[in-house]
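Questions regarding the structure given below will be posed in turn.
Order as written gives the chain letters A, B, C and D; numbering starts at 1 within each chain.
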Amino acid sequence: MQGTKIMFKKGAKPRNPILIVGLPGIGNVGSLVGEHLKTELKAAKIATIYSSHFPHQVVMLKSGGIRLVSNRIYHWKNASKDAKACDLLILVGDFQALSSEGQYELNEKIVEFVKKMGVKTIYTVGGYSTTNQYIKTPRVFAVTTDKSKIPKLKEVGVVFGEASGMIWGSAGLLLAFAKKHKLSGTCLMGETGMLDVDAHAAKAVLEMLVKHLGIKVNLANMEKISHETEKAIKAMEEAMKKEQQGPSHENFTYIR
Amino acid sequence: MQGTKIMFKKGAKPRNPILIVGLPGIGNVGSLVGEHLKTELKAAKIATIYSSHFPHQVVMLKSGGIRLVSNRIYHWKNASKDAKACDLLILVGDFQALSSEGQYELNEKIVEFVKKMGVKTIYTVGGYSTTNQYIKTPRVFAVTTDKSKIPKLKEVGVVFGEASGMIWGSAGLLLAFAKKHKLSGTCLMGETGMLDVDAHAAKAVLEMLVKHLGIKVNLANMEKISHETEKAIKAMEEAMKKEQQGPSHENFTYIR
Amino acid sequence: MQGTKIMFKKGAKPRNPILIVGLPGIGNVGSLVGEHLKTELKAAKIATIYSSHFPHQVVMLKSGGIRLVSNRIYHWKNASKDAKACDLLILVGDFQALSSEGQYELNEKIVEFVKKMGVKTIYTVGGYSTTNQYIKTPRVFAVTTDKSKIPKLKEVGVVFGEASGMIWGSAGLLLAFAKKHKLSGTCLMGETGMLDVDAHAAKAVLEMLVKHLGIKVNLANMEKISHETEKAIKAMEEAMKKEQQGPSHENFTYIR
Amino acid sequence: MQGTKIMFKKGAKPRNPILIVGLPGIGNVGSLVGEHLKTELKAAKIATIYSSHFPHQVVMLKSGGIRLVSNRIYHWKNASKDAKACDLLILVGDFQALSSEGQYELNEKIVEFVKKMGVKTIYTVGGYSTTNQYIKTPRVFAVTTDKSKIPKLKEVGVVFGEASGMIWGSAGLLLAFAKKHKLSGTCLMGETGMLDVDAHAAKAVLEMLVKHLGIKVNLANMEKISHETEKAIKAMEEAMKKEQQGPSHENFTYIR
């Protein structure tokens, strides 16, 4: 097996599908948003993406089974009878491609695939580090290949023109390939501090995203995770304070 | 030379072959099991696997010759006259593929090759780290692509559903590709501490594996290695204790 | 997307074009020279080079848009009515290729492309480290595939035969591929100390390059950056002196 | 440019050529031997090997020119009128391939190329680390794909059957591919300590190699380098002794 293979359920016909991308990355904001949407919307898996650019790992399942690491696309059928109502495709996964070559190959394949499924609009989700501090009220920044999206996103609170620098991985490359293939691509970034998993930032993105899409998603679970994160952070801060008060030469034990 | 080449002995026709995979990995459990089986069963080499994904090394032999690093498949002919009796193919090797791309390419090639040889069932062997401590009575965990194997393996003491996380390398990917190519794939993992070579864990796997396969293998040598390991560990623990009692500033000399 | 793609404006017909290459590298001398020329000459973009050998990043723009990281070629039309007057193509970019394989592929593609555009002469620009100190009057060293260039470049002050060692990346490989494809290739190297961005070295190269090419370029902006660099360096040196006078054990806090 | 290209002088017809390979590696023994032979025998370049698996570097020449890094084959014409007399091809170079994939591709290409040139016998040269100490009278170890070579090499003092472990890079892979392509391949390894450039080990290999081949090569230059190495080592040892006697806390300044 070389390169990227997308296995998909034949006959799946999403209606006006919009792709939401929530993959691992800064603060794990993308994954938290993607997994939450997929779970709360009870979306059904319609495609699995395998790639030799992912790590050579299989996941052990509680059932005693295994599955190869992958990215996966879930389909949420919009129950609305409005012909213009949009279904969602939600892309989540265990990993992103390891190498730059892999990222380019994989992400263009994804754009080509979802275009064939009828997708015209892509939202990727990521974290945006502004500080080393914990952020209580994270902002949501965005960039887009599609200027027509800016006013509507601003309406729900998204900030344009302030984020600068680079976006790494799928959150960025999917936009670049969306542009190349004439799709609309927007990246929403939750402001995050130096956390491995930042549920606050994810919640902020989710709130604005569902408002923007005009869909209803239960955020209670995300709020729960968010509160737990806050507690954990306070505990960590306490611990750090104590450590800093301790005798400085003890730090030697941390030299690797 | 690019990619993976499998050189095999023409005319080799294993009877109902089962593939046992014992390659380098955590605690070297796989290699210990594979090499022991191959040696004790006096299995004959029927295939050599070369790959540009292995390190660029040749092994110097005592004879003054050399051989390119490889993976190798050995064939044990089951002497039983029962038409259903199973031969074993035992896969051992110097290295695993270095890169993720290499792992995907190599392991699918192996599955395709052994499928052509008539293999329907694969057992891979690995180590499973549960602790940093030395484990006196290691358990054997397993995951499988083939639920029908679970009751029989439980009978000989194998534990399902407790191991979690990821399996790296051939021990995991061969299962993923077995699944894709409709073969039965099971990974047996000996519980291991932080040892480079854990003969205890290997012995635990071997005992359950030969019982499960219904074959007879002399485990005396493995027991010997296992006892030596135990001695070595005790010596190491003694040394560590002393070191920890020594003056802490001496550690500076170990900073690289 | 795999490998390197060059997107170019159809119909662009540069007259006797000379390629100037200013990419990121030692002291950022190449980028400073390339960007300065492009800006001051108001050159127009005629080609964009994308490559899976670049990092998997998109740049966030102030407009709220994005662009995939790239190398770009700008075209300056020489206003002279002399039929022999030379246009410039100026190659700048965000990154160089990450891997050696990528460098070879990308740089030969660039040479083949500009050759088709009519380029016969290439100047690449880089930094040349001679010391760890800040250099007040940097020299400009050169190597070339085209001996006929040596006397003319010496006339404007360029030093041949003193630089030794290796040139990394595009500044060097473009010369090697120029040679292979029968083009004239010359690398101009500004002498630089251990600065991340050395505007002094860039200014020195620029002055000699524009003199050699017989074109007029406003260097005021580069002089401004250069003065700021000098100030920054003095401030840094002051800070370093103080630090060296401080108690040596404080350095421990910098052990990572 | 992708992969490996060999440019060769058309019409070159070496007589019964033997390939001697002296590339960079442990103690630089291979390079020292290869460069010495090439220079002393006044061998003429007949092939240049370029590869995208080499570093992306060009070498600056004293003439003000450049050359792309490469491996090169030099041809020494044996002046003997004996029809069985053997010419030498001497392979030297700036680098070895960077990746394992590159090593496999490059080295098989080299074997295929020299086979076409009529080569039936290959000697590669390397260093063999037996100690961290400086070795005054280095032994020369060997491994071979061709048992018929063993008695003759033993006669000149080469030791078989004592070296063990792995040979990295071209010195080893060329033997593996020689074997595959039915050529005779032998690796001669000079015993070396932890030196970057060990002229003693190189001299030991050279002496036995030229005796074995029955050719005359002036070793005076190598002896000179060898003496200088010895002096440098003594100076280094003196310096080390002093340093070890100094106050141990001074070592902190070396922590990076």
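Before moving on, here are some points about what is shown:
The definition used in the following text is that a residue touches a chain if its C-beta (ideal position, glycine included) is under 8 Å from a C-beta of that chain, and two chains touch if they have at least 3 such contacts.
Remember, it's a predicted structure, so these values are computed and weren't measured experimentally.
Looking at chain B and chain C, the chains in contact with each of them are A, D. Two copies of one chain, chain B and chain D, form a contact in which under half of the residue numbers belong to both partners.
A turn of 90° superposes the CA atoms of chain C on those of chain D, with the angle given to the nearest 5.
Distance between chain centres (mean CA atoms), chain A to chain B: 37 Å.
Among the residues of chain C, those in touch with two or more other chains are 252, 255. By the document's touch criterion, interfaces exist between A-B, A-C, B-D, C-D. Against chain A, the residues of chain B that register as touching in their complex are 97, 100-101, 103-105, 107-108, 142-145, 147, 150, 160-161, 163-169, 172-173, 175-177, 179, 187, 248, 251-252, 255.
By the touch criterion stated above, chain C contacts chain A in their complex at residues 1-2, 52-69, 98, 252, 255.
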